[in-house]
Structures are given as C-alpha cells and as structure tokens.
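Take a look at these structures.
Each of the next two complexes has subunit A plus one more chain, namely subunit B in the first and subunit C in the second.
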Partner chain A sequence: MLDIQNLKAGINGKEILKGLDLKIGAGEVHAIMGPNGTGKSTLGNILSGRDGYEITDGYVDFDGLNLLEMDPEERAQAGLFMAFQYPVEIPGVSNANFLKSAVNEIRKARGEEPMPAPQFLKLLREKMALVEMKKDFIGRSVNVGFSGGEKKRNEILQMAVLNPKLAILDETDSGLDIDALRIVANGVNKLRTPNNSFIVITHYQRLLDYIVPDFVHVMYEGRIVKSGDKTLALELEAKGYDWIKEEFAAI
Partner chain B sequence: MNETDQILENIGTTEYKYGFVTDIEQEFAPKGLNEDIIRFISEKKGEPEWMTEWRLKAYKVWSRMKAPNWAHLNLREIDYQDIIYYAAPKPKEEKKSLDEVDPELLKTFEKLGISLEEQKRLSGVAMDVVVDSVSVKTTFQKTLKEKGIIFCSMSEAIREHGDLVRQYIGSVVPANDNFFAALNSAVFSDGSFCYIPKGVRCPMELSTYFRINAAGTGQFERTLLICDAGGYVSYLEGCTAPSRDENQLHAAVVELICMDDAEIKYSTVQNWYPGDKDGKGGVYNLVTKRGKCQGNNSKISWTQVETGSAITWKYPSCLLIGDGAIGEFYSVAVTNNYQQADTGTKMEHIGKNTTSRIVSKGISMGKSSNSYRGLVRVHKTADNARNFSQCDSLLMNPSCGAHTFPYMEVHNKSAKVEHEATTSKIGDDILFYCQQRGLSEEQAVSMIVNGFCKEVMDNLPMEFAVEARKLLEISLEGSVG
Partner chain C sequence: MPITQEKTEYSLVLDQIISSIKLPDNIVNKKMEALSHFEELQFPSMKNEEWKYTYLRKFLKKGFAPEFISYDNVEDEKIRENLPLEADDVNRIVLVDGIFSPGLSNIQASINYNISSLSKSWEKNITLVTDSFAQLTKEKNQALTKLNTALCQDGAFIEVTEGHSLNLEVIYVQTGTKKISMPRLNIHIDSNAYLNIAEQHIVLKEGSFTNIVTEVFLKENSKLEWVKIQDTKYDSHILDSVYVLQNAKSKYHCTTVSLDGELMRNNQFIKAIGEKAHADLGGIYILDGTQQADNNIFMEHIAPNTTSNQLYKGILDGQSTSSFYGLIYVDELAQKTDAFQSNKNILQSDDASANFRPQLEIYADDVKCSHGATSSEIEDHELFYLRSRGISKKQSKALLMYAFVSDVIEEILSESLKAWVRARIESKLKIEL
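Showing the complex of A and B:
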C-alpha cells in the first residue's frame, strides 16, 4: 500500500525528516508516536502533498504510484486522506456542498459519473449517523463555528464519506471528550477492512485502546527509531520517551 | 440542501466568451454631440415635442458641466465628440414575433445563451433585449397586459404612455444630478419602462438584456420602473459587449419609484467587456441608479454581480422617504487584470423607522483595484433609523488592491448605524485543505469565492444565480498567484 524509503525533507533550509523508512500493508493500522516537534505532522503534510517542503532524498510508493510526483488533489483522488490536526473553516460553503464536490471529483478522476443527489444524501446521512453528528450540520458552513471536537468529528465524517485507501489521522484524538473519542474511534473501526489502511498519529495510549493498532512506531528526530506491536504503546505510556532518546543517543 | 449551491462543475474558457461581433445592418448617427444630433435622435424615435425639449435642456446642463475626476479611478480622458450616440439595428419597426427579427440577431442571442424561445418556455421570464440603442424584442406582452402591467421599451413608452413617462422621468435622477446623468438625459436612446399598477404582483421576472454591438458607439440606456401601491416586481438586467481595443462608454440611468407597501427587487449581472490582460480596451461603465421609496413601508432591493467593464462607477442608491421604508444593497464586484471598480451605495434615511442593509463583497485579482464607497445618511426627520453594513474584501494575490470608504452622516440621535468590514487573503491553508479532499486549485478557489459571496448570490433569482456563478467562475480562472 505505502512504502516510504529513506525520506529526507525539510523546510526553510531546516532538515526535519532525516531518512525515514516505513512500510504499510493493506488493511493495517499503524500508530506513530513520538515527542513534540519530531516531524509527525510534517510527514503527514509531505505525504498529502502540501507545498513549501524541500524533499532532498527518498522515494514514496503508493499503490504503485510515485506519490511525491503527484499533485495534492491527485493523491486524494488516488485514495489518500488526511484528517488534519487543525481543520480549516470555509465560510459560506455548506458541508454537503463541499463533500459532494469532493466525492464527485474523486469519482471523475476514476472515470465514474457524478453521484446522483439522492444517493449522495443517503450516503451522507448514513455516515453522519456513524459519527453521531446532528442533522443541521449538513447545511452549515464547513467547520465554521464548530467546536474543536466537532471539527475533528467532521474530519472523520469526511473520511467515512470519501472512503480512502489510506487515511492519516493527525492527533484526531486531541481535544476530544471521552464520548467523542469513542465515537471517532468507532467511526474508524467501522471503516477498517482488509483493503483500507490507517496511519494514526497520537500522543496517547487511550485512543489505541479503541483503535487497536497492528504496529506502533516511535518517531524521533525525523526518523522511525523503534517499531513494535501494540504493547510498545503501553510501554511508552508507562516509561515515557527518555529511554528511547537514550537508546537513540547510543547509536 | 440548497441545490443551486453546487454549480461549480464545468469550467469554461478564460477568455471573454461574449466578445463576438454580430454582422447586422446598423443605422448610425454622425459622430459627435450637438443640438442637431439630439434632434436627430429624438426624431428617429418619433418622440413628442416635450421629450425633445427635455433632452435639449439636459444637453444645455451637460455642456456647462465638467467631467468628474475621481481619485481612485485611473480614467482615460474621454473625447465626447468622438462617440456615436445612436446606433440601431435595421429595420427598426417593432417586431411582432421572433420570425421578424433579424436572423443574425437571433444568432447573437443564441451565442449569449439566451435563446428567447427557451427563456419563454423554461423560466417564464418576460424579456426585453436592447442591442446598442434599440429595444429589439419584448416577450410576454399579452400575459402582462391582462394584469395591467406595462413592460416595454422606453421609446414605446414615450409614444404610448407619454403621461406616465413625463410625470416620472428625471424625478429620481434629475438631469443636473451629475455629468453622466446629464449626458444620458440628453442622448439616451432606449431602455426599458415598466409600470406595475396598484395591488398587482408581477407574476414573472421581468428582464432586459443589454448588448453593445457596434464599434465606436456609446450606450446610454434609460430605465424607469414604477411600482404603484401594494405592487411587487422583480426585475433583472444583464449586459455584454464585444471585445474591442477601444474603450466604449456606457452611461446608463435607472430610476425606480416605489409607492406605499410596494416592493421592487432589481438585479443586475454586469459583464461588459473588461479589456484584455494588459488593460487595453473595455467598457467604461458609468451608471447612475437610484430608487425612491416614496410610499410608507415601501421596499427597494438592489442586487448586483459586477464582473465586467474596464471601469465601473456606480452607486445604486435608495431614498427612503416613506415611513418604514426599507432599502437594501447586495453587491459582488470582481476585478481582474487592470479592471477598476468603484462601487457602493447611498442610503438616504428621511422617513421615520426606515431601515437599510448593505452587504458588499469585493474580490480583487491581478493588478486590479476594487473600492467600496458608501454613504449612509440619517436626516433629522428620520427617527429610529437603522442601518447595517457589511463590507468584505477578498484578495487573491499581493498585487491587487481593495479599499473601503464607508461614509456616515447621522443627524438624528435615535439612529442605529452599524458597520463591519473585513479583508482577507485566500489562504494556502484553505486551498490545501480543499485539494486534499480531491478538488483542483481552480475548483477550490471557485468554491471559496462562491462561499464568500453566498449572502449576495442567494438574493438573485434562481435563473440568474446560475448565470452569475458561471460568470464568477470564468472571471476567476488563473486567478491564484
């Protein structure tokens, strides 16, 4: 599904990713943890094609495509989705209109006809129920006046409607209350199939209680420095990052 | 969900697609302006003596006036003797049916996307088309007649409904109001006239399509709308012109009169040729539009989408004279390349309990300049006047300019006047967010801009909203940089 090889990238002359390797198979859930400022969001941004980064080395294969060569919308159309750490507001554009355009652009890129309006509305309602979102959100402007938690839930709604092959969730759990956390996690779990993969960036074990990962990676200084199964997250929760930093310093 | 919300799909061409010239036989007045030319125009149109005199008086006023000099507009000197003041498709008789209309002209309408037949069938819009100076076709006459509604070309109104015209013409915008109003009063060649009798709600949208076709001509149409007590009318106007290197002058006057409990909704989609990428050519759109809320609880609502013209200078205004009168102004102005728009409104609160609402959205691209200039004046007599103004500017790049000049004059302590203004840049964050969801940059821009203008667009009648959104999209292409 995704194969990142020796990815080196930076911004404004500052190197942030320093030779990152990561392989993600179909149907797998990978958690990425690590101290603040180690490059987790940067990785998400680069994978989804945000402007402004200098990529100095490495290769990323996404389902046989040379990901780094593609425009952001082409990546989205190819099935890559990013749930943002800080979702933006779009005044005057309704959630329904926004999502409908997204759905139809993605369909168009695949040579499919636009989705008929009734079918789209049905899909939207179904997915809104999944993330327990109130009906009136359909007509409200994208994220405008949404609470922090509602914005995150809206990201999951978009993901559910667009049904991507690979979803990157950047701290989707931060700012969520316990119920919202359960709802969001539930939304993700419902989308887990043998074909859909996830990268879950988080600081907290509690999310991983709900979304049980197949692999856990620790990112430090722009690299994956340790990988393991779900027990690694528990170990980090108990011991913090110091032992990782020490191990890293020893190399 | 609002279904009109999603007309963002097909992107047209970046070029001005209305820029063709129609090869129809035309009749011209000689170039230049003097009393003889005015007599020529008046005679051509078979006008009564009083009208000729009225024009000549206006001409005298105009010849004593000086062209205004606006700080914010970079206006090339206009040589008023180098303009043809009358050009009309031949032959000029009124057409009884479409079959009698010049086939070349019909082709023009098709290119404009306004096949009249189609309009009739699909939207039930009664339509008048003014090419250069003459009204070519008014549809739906019969249906309207049954209701006692008069909707015809100005020339016809002068001939057939002289009393009404004589009573009201110049009563809202007098000839001496300003330089261009005076010029228009002297030389106006056609336009639309509408009268809604007492208690009649006009059952369909009335619409006029203006087109400048001939080279070297100016267009000076004059529109007069009277809505009698308890009446209602929604009126639309659209404008296009061929692409030409020269600057063409368009100096229109629109007068609205609204009696007790009457309502006029006036919508404009203005898409005159804006000039090319380097600022060559384009229409000078210098227009005086004013509505008089004469009666108690009368209401006038202006909605405009301005995407064309090299220079736009217009301030659709409301005189709120009757107690409880309401004035509204909703505007979207888009400028690109070297376009300059200076637009806004004037709300004159004169009666008691009058309210006004101003929503202005300016979008600037390229090296263009986009100004909102508005005046809210609360007169001594206007107890409990209320005004709310919202002026937002969206900048697409660093080289364009947006300015807001909200003037307020309050002479009555009970007034409440509120003004809000914002300026924002189209952000990389929002663009990236949309692209990450699969939209191209162009679609993202179009969507964001449509969202920005939504409050205004929602005020347009349905058929017009579709056209306006398409226009907006076309003007936005290649705008981000």
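Showing the complex of A and C:
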C-alpha cells in the first residue's frame, strides 16, 4: 500500500526527516509515536502534499504511484486521506455541500458520474450516525462554531464518507475528552477492513486503547528508531521516551 | 427675466423634457435649480476627494453624454426576450433607458400600494411625489445627482401604504445608445409597512451609461430590504445613488452585489432622524480585468439610539480597482449611537488595488463607533485543506472565495433574496455543488 524509502525533507533549510523508512500493508494499522518535534506531523504533512517542505531525498510509493509528484487533490483522488490536527473553518459552505463537492470531484477524477443526491444524503446520514453527529450538522457551515471534539469528529466523518485506502490521523486525540475519544475511535474501528490502512500519529498511548494498532513505531530525530507491536506503546507509556533517547544517543 | 446666457447642451435637454411632458411648476423649478448647481459643479475630477480613485472623465470620454431620450421606444418585444422569468407574487418595474415601460412592467392593482411611472405622477401632480422630489438630494453637493434631478425624464413612484407589504422587482434595461440615462425612483414606505426590492440591470449591447438616483422616505417602524445586483453582460457603467431618510424604528437594509461591469459606483446617503432607526449596508464585489467598483457611504446619525452596520467584501483579480469611502457622522444629539464599518478585500493579483478611506465625524460623547479594513490573500493552509479532500485547486479557491463573502449574504433577511444572491455568486465563481 505505502512504501516510504529513505525520506529526507525539511523546511526553511532545516532538515526534519532524516532518512525515514516505513512500509504499510493493506489492512494494517500503524501507530507513530514519539516526543515533540521529532517530525511526526511533518511526515503526515508531506504524505498529504502540503506545500512548503523541501524534499531532498527518498521515494514514496502509494499503490504503484509516485506519491511525492502528485498534487494534494490527486492524492485524495487516489485514496489518501489526512485527518487534520487543526481543521479549517469554511463559513457559508455547508457540510453537506462541501462533502458532496469532495465526493463528486473524486468520482470525476476516477471517470465516474456524480453521485445522485438521494444516494449521497443516505451515505452522509449513515456515516453521521457512525460518529454520533446531530441532524442539524448537515446544514451547518464546515467547522464553524464547532467545539474541538466536533471538529475531530467531523474529520472522521469526512474520512468515512470519502472511504480512503489509507488514512493518516494526525494527533486526532489531542484535546479530546474521553467521550469524544471513544466516538472518534469507534468511527475508525468501524471503517477498518482488510483493504483499508491507517497511520495513527499520537503522543499518547490512550488512543491506542481504543484503536488497537498492528504495529507501533517510535520516531526520534526524523527517523523511525524502534518498531514493535502494541506492547511497545504500553512500554512507552510506562517508561516515557527517555530510554529511547538514551538508546539512540548510544548508537 | 431675459435670457442673457447662451444655452448649454444640458439646458437644451431640459427644454426638450419640459416641452414633451406636462410638468408642475415646482418640478420645473427644482429641475432648473439643480441644473444651475450642476453647471457650477461640473463632472467631478480626481481632485475631488470622493473621486480620488475614480477617473470618471476617462469613462465619459468614450462618448457618453446626457441627451433627450424618446418616450416611445420602451415596448420593444426584443427587450422582453432578455428579461428574467417572472415570479408569481412579485410586481415588476421595467425602466428602459430610464423610461418606465408599462408593457414590460407588471403591476397588480392593489389598495396596499401605489406604483406608477414617475412622469405620469408628475403630470397628475401627485403632491406626495412633487413635494418630496429632490427634498433629500438638494442638501448634498453631488454633481451627478444634480444632473439626474435636472435631466431625469422618468422612473418610478412607489408607495407602500400603512401596515402593508410589497415584493417588487426593479429592472433597469440599457439599450446601449451612448446616451447617459437618468432613471429616478421616488419611494415612500408608510408606518409599519414593508418593501422588498430585487434590483438588476439588463444591458443589451455595449455603450451604456446610467446615472440612477433614488429617494427613499421611511416612516416610523417601516422597513425596506433591497438587494441590488450589478452583473451585466457588456461593459457597462452604472452610477447609483440612494438617499434615505429614516424615521423612528425604521429599518433600511441594502445589499449591493457588483459582479460584472466596467464601472459600478454606489453611493448611499442615509440620514437616521428618528430614534432606534437602524441601517444595515452590505456589499460584495468580485472584479477582474479593468473593472471598478466603488462604494461610498455617508451615514448620518442625527437621533439618539440609532444604529448602523456596514460590511463590504471584495475579491479583486487582474487590474481591477475598488474604492470604499465610508463616512460615519454622529450629531451631538445622537447619543448612544452604535455604528460599525468594515471593508475586507482579497487581492488575487499584484495589479489589483483596493482603496479604503474611513471617516468618522463624531460630535456626541456616548457612542460606539468602530471601523476596520484588511487586504489579504487566500490562506495556503485553507486551500490545502480543501484540496486534501480531493477538490481541485480551482474549485477549492472558488469555495474559499464564497466562504469569504458569505457573511454578507447571510445578513440578508429575506430568504428569497438570499437564495437569489447565493445563486448569482455561485454562478459567478463557477461553483459546482
């Protein structure tokens, strides 16, 4: 599904990713953990195509496509999705219209006809139930006046409607209370299939109690320095990141 | 009194008007007085502070001049083909080059309101019209308004009687004669009455220049909601001046949407003379090429507890220009005035320019006045968010532009007018939903 090889990238001349390797297979959930400032969010941004980063080396294959050459919309059309840490507010554009626009642009790019309105509304209602969104949400402007938790739920809703092959959740748990966390995680779990993969970027083990990963990676100084199964996350929770730093320093 | 001076081209036009229709003496006098004022003032130059960013004479040099317009060419069936479809419960006024067209207009008889051609109401000497004509405009030294007062030949008289309401469409048709047309509206809204106007322009070919003046009298607790859409197929020139007198608790709500046209200049002169009068002025302009949109607001708070709100938003591309001149005047008696003014622009090109000049003249001490202006670009992180959902860059930009102006749209009270503006802006921005 996704194969990142020796990715080096930075911003304003400062290198942040220093030769990162990561392989993700279909149906897998990978958690990426690590202390602040180690490049976790940079990785998410680069994969989803945000401007402003200098990519100096490496290759990213996404289902046979050269991901780094693609525009953000082309990545989304190819089945990549990023759930943002700070979703943008779009006043005057309703959630329904925004999502319909996204669904139909993706279908257009794939040579498909626009989705008929009744079918779209049915899909939207179904997915809204998944993240426990109230009915009035359909007509409300995208993220305007939403609480932190609602914004995150809205990201998961968008993900559910667009049904991506690979979804990146960038600190989706930050700022969520336990109820919102449960709703968000529940939404993700219901979307897990043998074909869909997830990258869950997080600081804390907490989210991984709800979204149980197949693999856990620790990022430090722009690289993945340790990988393991879900027990690695528990170990990090218990011991903190210092031992990772020490191990890394010893190399 | 013997005439010693040689007649100017303008006074020759006025002579033609006077000999074509039967005008009451006081109208003739007001027109002559306005003409002499105009001849003193002349067309404004860029030295005039209000015209600093608008080279009017450049536009006039394209060969536009005031000339007498025949009253007989207003029933052309070709014009009808170009008019939008009629809604069921809406009265329609069609003015062709400023002349009221009885055939193209659609007025349902009712005791709730009076609508007629302005020239007919002069001929019938309806005192409400003849007394109020130029009552609001004479105080201001606006050359183009004086020119309209002097040389307007027709237009419409609209009265909504006490406690009633009226939905009205006003359509200005320009046939492209190179003559400056001078439509005039005279609007009276009685106590507790409500008028709702959807206004638009239909330009049939190139070479149009119109100089519209409206006087509005809002009685106690009356309401006017007005949406003006300027979106013409051919390069047209629209000068539009509205003079409003607001009595106690009246509401004036006007939204001007300038989407296409070479020059779209909108002046609003509002005088709140009754307590708790409220004015809401909104504007959206989306410009490209060498287009220009001006909005000049003169908001006078004369009575205490009056409020006003000005919100103007523009998106400029190419070498387009906008100018916003907003005066808030608070009389010494107008305590507890609450006045807000904002002009925000998105510049899409380095050659586009948005000019903003706020002016506050405050003579009362217990007031709240605020103003602000910004020019910005579309934010990269916002654009990225939309594109990351699979929406093309072009469509994402269009959605963000829509989002930028949406608060002006949302302030429109009437649902039907709001839907109309939404649809026109979506079509202008080529938004596919």
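Operating definition for what follows: the second predicted complex is superposed on the first by the 251 of 251 C-alpha atoms of A that agree within 3 Å, B and C clash if a C-alpha of one lies under 4 Å from a C-alpha of the other, contacts with A are read in each partner's own complex, and residues count from 1 in each chain.
Note that contacts are C-beta pairs under 8 Å (C-beta built on N, C-alpha and C of every residue); 3 or more make two chains touch, one makes a residue touch a chain.
Predicted model, so just to flag it, every value in this text is computed and none were measured.
Visitor: Quick check on the subunit A-based superposition: subunit B and subunit C, clash or fit?
Guide: clash
Visitor: Looking at A:L121, would you say it contacts subunit B, subunit C, both, or neither? Reply first, second, both or neither.
Guide: In the superposition, A:L121 touches subunit B alone.
Visitor: Return first, second, both or neither, reflecting whether A:N189 touches subunit B, subunit C, both chains, or no partner chain.
Guide: neither
Visitor: With both structures fitted on chain A, tell me whether subunit B or subunit C touches more of subunit A's residues.
Guide: B
Visitor: Touch check for A:I138: first (subunit B), second (subunit C), both, or neither?
Guide: After superposing on A, A:I138 lies in contact with subunit B but is clear of subunit C.
Visitor: Would you please give the residues of subunit A that touch subunit B in one complex and also touch subunit C in the other complex?
Guide: Residues common to the subunit A contacts of subunit C and of subunit B are 48-52, 71-73, 75-77, 81-82, 84, 87-88, 90-93, 97-98, 100-102, 104-106, 109, 141, 158, 162, listed in rising order.
Visitor: For subunit A, which residues count as touching subunit C in their complex?
Guide: Residues in contact with subunit C: 48-52, 71-73, 75-77, 81-82, 84, 87-88, 90-93, 97-98, 100-102, 104-106, 109, 141, 158, 162.
Visitor: In the complex, go through subunit C and note every residue touching subunit A.
Guide: Subunit C residues touching subunit A: 380-382, 384-393, 395-396, 399-400, 402-403, 405-407, 409-410, 432-433.
Visitor: Which residues of subunit B touch subunit A once you look at their complex with the stated criterion?
Guide: 1-3, 5-6, 8-9, 427-430, 432-441, 443, 447-448, 450-455
Visitor: For subunit A, which residues are in contact with subunit B within the complex?
Guide: Subunit A reaches subunit B through residues 48-52, 71-73, 75-77, 81-82, 84, 87-88, 90-94, 96-102, 104-106, 109, 114, 117, 121, 138-139, 141, 158, 162.
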